[in-house]
Each structure stands twice: as structure tokens, then as C-alpha cells.
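Order of writing sets the chain letters: A, B and C. Residues in each chain are counted from 1.
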């Protein structure tokens, strides 16, 4: 009687994508806000390129990782809040009464996150190229760049799912947003780590995994093919994905304990 | 008719308990038995333990102790078998405002393992049955409360369950939507032999729909039986009189109190439970007349489920239900 | 006319009193300081080297450069939050009672503005205390009053703007409509580097943004080298006047539609 996992995941992913697509306000702000910050940062901090040792000729190229990471965060919080809303409203209970496997619910939600992440990645890349971002690693690098962006979105999505399943509260998930937002800034997002003067800030940025995601994405734009930055970046992304999905699965099991 | 314990059986509950960390036992050792094809009405005020019971019977909440079998399967050990056999429309129709009615049905059907063609067919069938054909491709956000409940019911029926749980299915609905839902529920039980377990805080609903009623208060079942049997236990009807101008309330009370014990009445009126049943009514009228006490209205009330509730718990259900107290009770009026 | 003026002020003080009382009942009244403080920490802590760039000629150093922006952001957000709470008052019906009870309804706006100033003082002090710990120089002396004056004008202008939007929309939906323009005005200015180091479209917009002049003058006051004082104050006063008319117009609209 139990339907194949794939049909279940596809149905749930379709649902979460549909509901996102039907809220133009969500899409527009998921695209617009990161772009706005990018545009302001890229031009506002252009002077930083004249700091001795700055690794890029144009701050536009340097800052391009910013909208990608911020967009991934935005998508993750939206998806996490959606999941929490399902728990609050009882929609989750309705689904639990079907022969659906609990993991299908998590996978369906994450598939929705990946879909939005892909959309954001492609749109930002197109907009960035239009603005004049020069991706040093070339067309193949752009593919890898979008791939890494999607993985970041997936990892953040896992954290969003963890929060939602643990608390079951939309408010709790949404109030975590400023915290995540802060942690993006407390990384090497605005300056390379070796150019951060305040010691404490440099330590925080070095300990912050977001620095490595940013540096991985950025290396494709400003350096070309940097094996070390890429392997650390992908490793970090996979690490976050593994940990957050393991955590989310554990919380999911507690929630459907029966 | 199946005996308790057989695989065809409806619902059997033995000494079911649910405790929450803070607060008293929400469900405090209940026993009940629902036969296949029966409509069982679970009646009680807000917070009596109705929903907690439904959550346990539908496997969404593990019991603290006790046992329950639904469709012949243990709710703790055989959860997935129970879920395959039941459909449930839980409180606050949980729907996605951004999906259409048809999309809801399609999702539900897919999760139940129906193929693509079957999904379409089943969805169209159910939309037709609950009268949502025209609204099928509109987003649920624009649905009325009644439409949401009907869609909720359709979703619970996607996999043709043998047992249906409805948790306060008509709370907050207007009278028209309410009676539409009632007739669909009766039809399901009558024509398709579906067992229905229904919770409600409306006496009228239990009275109209249920074959048998269990009254729950503070986690315990305080009375159980057919509505007729329960009302017959209380037995005696009551009479209510409204004094006319010039005749004081006290004068009316003095006369009526000779025929029975005074009970709560509408403001300004006097009501007593007749010691010797409806036969007293003629005597009441005669006595009022001979003593010159004039009344504008005299009404005979058959015992209602509320009287049963009052008798068993010492409190009135109407006072307990926080909202929409107007729906309860359907007194038969006899004007003198 | 004496009665009218009396009504105006007694209404204002009553409304202000209630608002201020509400702040003390709920520690979330410092919420407008969250983002300014966070940006201050992130920018002043992370971007210090930007202060070494050729052409960066602010004598107070990079941390002080960021502090002034954070301070003005904190007081502006204080105004925006007052707008949110007015919108909330309209949504939950409290504003209707206020309109019925007030003998002089213009006084309601003044009341909210006074309360907003009280709140902005507290958020501003919070930001300043943290900046002092971070070691900003307060070398402006008497000129610091110039900085405070500008902060007051920014707060009042933002409050009146927010009050106007809140009274026009009269639902919580007013939140983003108040916040987004204020954020844009704050960010489309010389945030990270002085105007002469900005480039491209951002330079063009920042030159047109009236807030840029206020920000420059405020930064000058902090280190005791006032620049473009007169234009900055003129712009500040003009903004207050324009938004006062805006708020008064919105109040009349709210009265007409019966709140």
C-alpha cells in the first residue's frame, strides 16, 4: 500500500514549489534584497580595492559571493518557516496519517529549497554578468558556482528544517533570521581574512564556516580554479548538509514517534 | 455484527490514559466500544479530553497507558495498519491556503499511493460529492469555513477508509453548512457502512447524528448510551412559565414549586422538573388559573442531552462551551 | 484659542505618557537598536583597514566614522518603530478610542513624536555607550551638541514619516512600507567611505540623497570640525516640516474614513 518514496518526495516538492511560486512577494524579496545589498556593497566599498594586498581588481567581483549566500539563507528561512507553519496548522498531522514515509516530508521540503536555490543562483549569475562581474574560471566555473550555491542553500535549508522540527513554531524559525544574517557579516564576506585588522573579528571570521563557503564561491570569480578554496568550500557545504540533515532527521523521528 | 476483539471490529478502548507534563490527566481512564457502521458521538465541553482521545485513536499521540484497537489493530504497535484503515478530519481544517482544492486531493491521493489516473478520478469524484466542483481550481485561501470543512472531509475519504474520525467538524459553521455536513456524514454511515467517531460540543449535533453518545467531562466518560436512553434516564420533562405583568415571579414560583423541584430558567421565568411527568401539565394550568396567577407563556421541555450532562456533572454544558451557545437544545414547545 | 492650545498639549502629553509607559513595560523597546548595533560591530570591526585607503581623510578614524552612521540609523529606526506601533494601535482599535477622546487630535501626533524622542534617546545612548567602549574619540567638545541636534531632527522626521504611513494604511502591513524607504535612504549614502571615494551610480545617488549632507555634518561635529552645518540643519528642518504636513494630512484621512 505504501507508495514509492520517489512519488511521495516529488508530490511534496511540487507542493512546496507551487506555494512559493504563488507568493510573488516571497520570490521578489528573495531576489531583490540580496541584489540591493550587493549593489550597495559593491559600489560603496570599491575603495577597499586600493588596500595593499587586496586580492581583486574590482570589488564587484569580490562581493559577488554575498548575494548568493544571503539568498540561500533567505530561502532556508522561508522553507523552515513553511515547515513550522505546517506543524502549527496541523497540515503535518494530516500528512502523517497517510502512508507517507517521514523522510519524504524532509526530502520534499529540501527539494523545494534546492529548486529555489537553483533559480536564485541562475538569476544572480545572469544579473552579475550584466553588471560586469568577471568570472575568472569561465563557463564551467559558473556551473560549479551555481552548484556550490545550491549546496549552501541545501545546508542552510537543513538548519531551517532542524529549527522547524525542533520548535514547531513559525515565530521561533523567523526570529532566528537576524542571528543568521549577523553570522554572514561576521565572516570574510566584506574583506579577506588577512586584511581584517581587529584580532577578535578575524578569529570569529576564521571560526565561522560561512567564511569558507564564501571563499569557495569567491575563488571561482576572482582567482579561477583554486583547488584548496574549492575543496574547503565544498567540504564545508557537505559538512553542514550532513550535520543539519542528521539533526533534522533525529528531530523528525521524535516528532512522529508512534 | 462483529464481536469485540474481532478483526472487523470498529473501535475498542480500555482504560486509556493520557497525561501531559503540566496539568491534570487530559484523558483519565476511559473505556468505550464503537461497532462497525455505527456513528458514535463523543460529547463534552472544551478541554474535556475529546481531542486528546481522537489524537490517540488516530495514532498521532501515544497513550500514557491503557489500550486501544481501531479496525482491529493496536494503535501503538500497529500504527501504520490503523492509519491505512482510518480517515480523519481534525480540528481547524489544516489546509494550505496557496493550493487549490483539487491540488490538495491530488497530493493526498499521491501520498496514499494512488496512480496518476486514479488520483484524477478519485479527486473529481470526491469534489463532486462534497459539492466543491466549481471551487475546485480556486486557492483554498478564498474558501469559506464550510467549504474548508467539506474539503477536509473529502481529503479524509481519499483512500476509502472504513473508520472516519471527525473532531468537532461543525464548530464555527453557519446552520446551513452544518446541516449539509450532517447529511453527508449520515449518508456515509448509512450507504457505505463507514464507522464514524465524532466529537462535538453541540448537543443538537450528537442528538441528530449519533447512534450512541458518550459524554466526557474532565477526562472521564460520565454517561453513555443512545440519546433516547440517556434522556429517558433523566426521565421527567420540565415546565417553564413566564409571569404576566401584574403577577409577580414569586407567585408563579409558589404555584410551580408544588409540582417539582425548581431548576435554572431564563431570566424572569420559573422552571421546575415535574415530579410526575408531563401528565402534571393540566394540573399546573388549572392551579395557576384558580389562584389567579397569570402567565404569558407556558412551555413543556422534554429532557435534553444538556439535562443529562447537568445531571451527571452538576454543570451545564451550555455554560461550559465558550462560544456559540445558541446551537444547543431543541425544546419542544407546548403552549397552554 | 487658548483652550485649543491647552488641548493640544494635554493630549500630546497623555499620548506620550502612555507610549513611554509601554516601553518600560517591555524590554523590546530597545529593538530599533539591534540592526544599527549589529552593523556597527560588523562594519567598524571588520572593515577597519578601509580607513587606510588613500583619500579616506576622516580624522576620527574608521570606528568613529561608522559610529555616526549607526547613531543616526538607531534614531531613524526609533522613528520607524513608532510608526509600527501607531499602525498597531489602529489595527487593534486603540486609535479609535484615542481619536474619540482627544480634544485636539493634532496633539496625538505630537504625543507620539515626544515618545519617539524618549525612545530614540535611549537607543542612541546604548549605541554611544558601546561605541565609547570601542574607543571612539569624542573630540568635538561643544560641537557634540550639533550632532545631538541633527540626531533629534532625523528622529522627528522619521517618526512623522512613519506616523503618516501608519495612519494612511492603518494595518500592520504598514511595517515594510515604513522601513524599506528609511533603510534605502540610510544605505544610499556614504556608509563605508566618504563621498569622494564612492564610485559609479552609488556616488550619483548619494550626492542627490539629502541624508548625505546630514551624515557629513554629523561626522564633522563628532571630531570638532563642523562642515556644511547650515545646509544640514536646513535640510533637517525642511524634512521635519514636510513630514509634519504629511502626518497631518494622513491624520485627516484617518478621521474621514472613521479610523
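In this text, contacts are C-beta pairs under 8 Å (C-beta built on N, C-alpha and C of every residue); 3 or more make two chains touch, one makes a residue touch a chain.
All of these numbers come straight from a predicted model, not from anything done at the bench.
S.K.: Farthest from chain B by Cα centre, which chain is it? Let me know.
M.R.: It is C whose centre lies farthest from that of chain B.
S.K.: Averaging the CA atoms per chain, pick out the one whose centre lands closest to the mean of every protein CA shown.
M.R.: When every chain is reduced to its C-alpha mean, the one closest to the whole-protein mean is A.
S.K.: Suppose each chain is reduced to the average of its Cα coordinates; what separation in Å results between chain B and chain C?
M.R.: So the centre of chain B lies 57 Å away from the centre of chain C.
S.K.: Using the average of all C-alpha atoms in each chain as its centre, how far is it in Å between chain A and chain B?
M.R.: Chain centres of chain A and chain B, defined by C-alpha means, are spaced 48 Å apart.
S.K.: Using mean CA coordinates as chain centres, what's the gap between chain A and chain C in Å?
M.R.: Roughly 33 Å separates the two chain centres.
S.K.: Tell me, which parts of chain A touch chain C in their complex?
M.R.: Interface residues on the chain A side: 39-41, 43-48, 50-51, 178, 182, 185-186, 190-191, 195-198, 200-201, 205.
S.K.: What residues on chain B touch chain A, complex-wise?
M.R.: 58-60, 62, 76, 79-80, 83-84, 86-88, 90-92, 94-96, 98-99, 103, 106-108, 110-114, 139, 155, 159
S.K.: What residues of chain C sit close enough to touch chain A in their complex?
M.R.: The touching residues are 34-35, 38-39, 42-43, 45-50, 52-56, 187-188, 190-193, 197-203.
S.K.: If you look only at chain A, which of its residues touch chain B in the complex?
M.R.: Of all residues in chain A, those touching chain B are 1-3, 7-8, 11-12, 14-15, 18-19, 22-23, 86, 89-100, 104, 257-258.
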